[in-house]
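Just below is one structure, and these are the notes that go with it.
Labels for the chains are A, B, C and D, by order of writing; each one numbers its residues from 1.
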Amino acid sequence: MTNTGFDHYQGIIPPVLTPRTADGQVDVESLRHVTAHLVDGGVDGLFVLGSSGEVPYLTTAERDLVVGTVIDEAAGRVPVLAGANDQTTARVVAEAERLHALGIDALVVTTPYYALSNQSEVAEHFRTVRARVDLPLFAYDVPVRTHVKLSATVIRELAEEGVIAGLKDSSGDDVAFRLITLATEDLPQFRVFTGHEVVVDGALLGGAHGAVPGLANVDPAGYARLFAAAKAGDWMAARREQDRLARLFRIVEVIDPQVSPGAAGLGAFKTALQLLGVIESNRMSEPMRALGAADTDRIRGILDEAGL
Amino acid sequence: MTNTGFDHYQGIIPPVLTPRTADGQVDVESLRHVTAHLVDGGVDGLFVLGSSGEVPYLTTAERDLVVGTVIDEAAGRVPVLAGANDQTTARVVAEAERLHALGIDALVVTTPYYALSNQSEVAEHFRTVRARVDLPLFAYDVPVRTHVKLSATVIRELAEEGVIAGLKDSSGDDVAFRLITLATEDLPQFRVFTGHEVVVDGALLGGAHGAVPGLANVDPAGYARLFAAAKAGDWMAARREQDRLARLFRIVEVIDPQVSPGAAGLGAFKTALQLLGVIESNRMSEPMRALGAADTDRIRGILDEAGL
Amino acid sequence: MTNTGFDHYQGIIPPVLTPRTADGQVDVESLRHVTAHLVDGGVDGLFVLGSSGEVPYLTTAERDLVVGTVIDEAAGRVPVLAGANDQTTARVVAEAERLHALGIDALVVTTPYYALSNQSEVAEHFRTVRARVDLPLFAYDVPVRTHVKLSATVIRELAEEGVIAGLKDSSGDDVAFRLITLATEDLPQFRVFTGHEVVVDGALLGGAHGAVPGLANVDPAGYARLFAAAKAGDWMAARREQDRLARLFRIVEVIDPQVSPGAAGLGAFKTALQLLGVIESNRMSEPMRALGAADTDRIRGILDEAGL
Amino acid sequence: MTNTGFDHYQGIIPPVLTPRTADGQVDVESLRHVTAHLVDGGVDGLFVLGSSGEVPYLTTAERDLVVGTVIDEAAGRVPVLAGANDQTTARVVAEAERLHALGIDALVVTTPYYALSNQSEVAEHFRTVRARVDLPLFAYDVPVRTHVKLSATVIRELAEEGVIAGLKDSSGDDVAFRLITLATEDLPQFRVFTGHEVVVDGALLGGAHGAVPGLANVDPAGYARLFAAAKAGDWMAARREQDRLARLFRIVEVIDPQVSPGAAGLGAFKTALQLLGVIESNRMSEPMRALGAADTDRIRGILDEAGL
């Protein structure tokens, strides 16, 4: 149960999907396959219990099963980060302590949600979590879900205080992202990751340290090549790989009007992994519905075009 | 551990505050005092673990302690409704089963949050909770927190199916509220409550069955008089009482700029109850800050004007 | 060109629809019919160039034609208020001066829009308009269109300064509306109107002076009865009339998915007036599309139920 | 009065500020200086009557004066694009016809605003404007002001139909921006510009044709160098220039809490140009307030650091 001591997070750290069996249970075997698919694809870390891992839909027992399985399968080859996802501070601390005991390498925590917070409470929230749980802490900015935008000022403050080790930005606010990257460039330990699949080349050009793309579940090797090209300074190669991946990302343009925004992207990733033979079923957590035949056919066509 | 079999919910059902001691623990003694203050004030039910009860900030153990305490103190004189508050269906069911075992009379459940749902998932969510937990189920529409508005169509559907026994509306959308009240008036079992403190007279005139006002923690007898006047058809008396309560509601206009939107209203209610001698401390759940001296003085003045 | 000197605005002041001929011109004859239909129905004033009058879609020449026609047809029997609708202060003043010259009795002005304002600029905006144009000025709070909510503080300030004579509230925020009504009750000249069709009984019970309901184009006599009942203190009669009108309001639940939110409500009002023989065509301003046969049939059914 | 026949828009096309004299008139002399400053700085076009040009605050006469002045001063060296900014279609057409007669080279048009539109009306809006005014038409996506996001589907459709010649994107949605760039790359005439000052390097790497940065009013030569570096494939040079400009962009972080969001950025640009001796006054259009001494000092410090 020791934590493996990674300290320089960078590169591609996909949010790991949580496969389910056709009858709705967490599919441990398929989860091992996803994990192996990602590590073999060359990713630099694994982020479990993220939004793409359907964390809000998992029971506590399921969350523990997912974390334990991925840690076991990863076997220390790459760090395992995990989301301690709950409404507010005390509940997040409880969640984080449980995950810590399971052996994760780092925590990923959002702002409070459902609560009606201000930036001063948000800062206090991260300080308290960090003080009570001895793990590197990444702030996860996802206002489309939390309806709070982490301010650049608070991020800079928490970074300077050593409270947070980095940021996963899924805010869709590329202007703020660039300004944050610039504002923290003199903090050599601080790490900035984009959560957006199709702008990784520009983010890396602008100084980001890596990406947490859900689409990397489908094509980890593609993202690994994109990151390698950027590291090597071959920006046109990075862009070409990014354009290829952006075309692949069209799998999320779901045509079934019954599918919710939350189920569309994740359902597309699951359906693609099912078509690629990595997981058994594209079943979603209740009450989300899985993609049907029309979307499956559409996705098969896009995978073919992408050479997958 | 039996449920007490109330079935005609109506009137004033305050969302019960959760007092804390000065060092941050749930203050069981003060919670008993609040409960007695409400029941003695003439309310028709108690809603625990609502937003005003700081439910997103309470640990699981604290939630159970609150529910157990209020049930014990209420001693069957009025029904106890409780919020099963979590992100999505499976987690809400787990929460609801635990609360059911504690002996509550009815469940109050919001739409999923943090999740990105559509109305069809929302309907499925309520159906699943009702199917798995055998208690009257009230839908709680609070888009300022969940960022999902329950549609009138879904409410009508769930009411007709017998899935939900009623609605607590904190949506701030009085037009939709009136249309929902009208659309369900032919369902004699269905109950519609407003969650807004200062428009109860108009809501009752428009056919609502009651209210769930946070401010009733401070002045339960005032709201009981307002409801009685409306029942008796003395609408000008109802309005005068409502105007008095609306003036009292100005306690929430907090002047300390550091206090968050979430902490302002609840902090004002707690501070008022502290000034009235009902609870020991106006301490808030972390990371919310309590109101300070300036706001306390301001609130004392308003209580005086209101004759409390 | 004199203004008629009305000063105690109260009661039902419908936002007058702007009919178009089948080929898209402003239909002067039908506009005269609407005006007569409203005055004969017992309304207390006419509000031209409101959102329901399609003001953002009218050219400058069309705006002048509408104002001139309604003033002429009303012939001083009721006051004519007009919206001076443009993006910011200087442009609103230009608009207001032109309308003043046409002989309107009062101005209705929104906050700036498209601009990114704060409340201090908003207050300055109203002060400047009032200082430059010598007409009673009503503030029109319609954040669904302007994306700025007029704060209660600013309204109270402007009312005390005598800058604004009243408020037309279409904010959908009934809590703020009640608090504003209460906060201005000691200013005997100040007038508060709700813009929402289905909550007029509650608004009047709470102290509002009248309503500006788009639906009153369809049934002015119904709203006149509702107001008279409230004035007489017969609140249950007011509620029954309001319930009847709320059922009639279902005409806006348009089933054609191609129709925009803006075109749905206005299209329904126009279609109803066409069915009632008041106007020739239900044609909308470009690029809005008129309601088709299916919605027309649906609306005919609702009119029948309402006894119109 | 002939249009100059530019057809391959690309590169840096700043939204030209509108200087005012200390007593609030449009400052024609300073506007000539800004124009010369930009053209001499190496920009590729001039966009007048944009949001940065304070278009919502200018009277019709002022709009004409601005356009005439800039066209005259530019003297055909670079194309002049102009915003035809009004609420809906018929009013935009009237505006566009007037600007066309003044000799502009291309039109820039937003979605309708204040209106409550859907995407089908938005598409119709652009089609109608293009059909009635014979000028290249750029769609300007600025949901922070219009509260409508142009959908990728509509943009692709309008581009394919030849209705729009390009897009100016100020949506802050970099994911959609990349997907639109990719979706239109097979339309060789179609031009995609970012409106965001600090992500131009990434946007160009991702295939954008240029940028419309307000900050280029302050440092046109810097943006010209950034674009030249990107064109030459020297991406690290582009990034260094972008980082320098992103640091300069901190001038918009206004400390005066009275200044509105709209006035902050534009006020900072004007204050910087005043400090650089390009314009006489940093006066803003009413009701916006100019920056004061504290912000002026702050900005002077940032200009010094930037070597301006």
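Assume contacts are C-beta pairs under 8 Å (C-beta built on N, C-alpha and C of every residue); 3 or more make two chains touch, one makes a residue touch a chain.
These numbers were taken from a predicted model, which means no experiment stands behind them.
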item: Minimum number of chain-to-chain contact steps, subunit B to subunit D; value: 2
item: Between the pairs C-D and A-D, the one where more C-beta pairs touch; value: C-D
item: Distance between the centres, which are taken as Cα means, of subunit D and subunit A, whole angstrom; value: 35
item: Numbers and ranges of subunit D residues touching at least 2 other chains; value: none
item: Pairwise touch network: line, ring, star, complete, or other; value: ring
item: Every chain pair meeting the contact rule; value: A-B, A-D, B-C, C-D
item: Subunit B residues touching subunit A - in the complex, by the definition given at the top; value: 51, 56-60, 85, 87-91, 94, 112-118, 120-121, 124-125, 128, 144-147, 258-263, 285-289
item: Footprint of subunit D on subunit A - complex, ascending; value: 172-175, 178-179, 182, 196-199, 201-203, 205-207, 233, 235-236, 238-239, 242-243, 246-247, 249
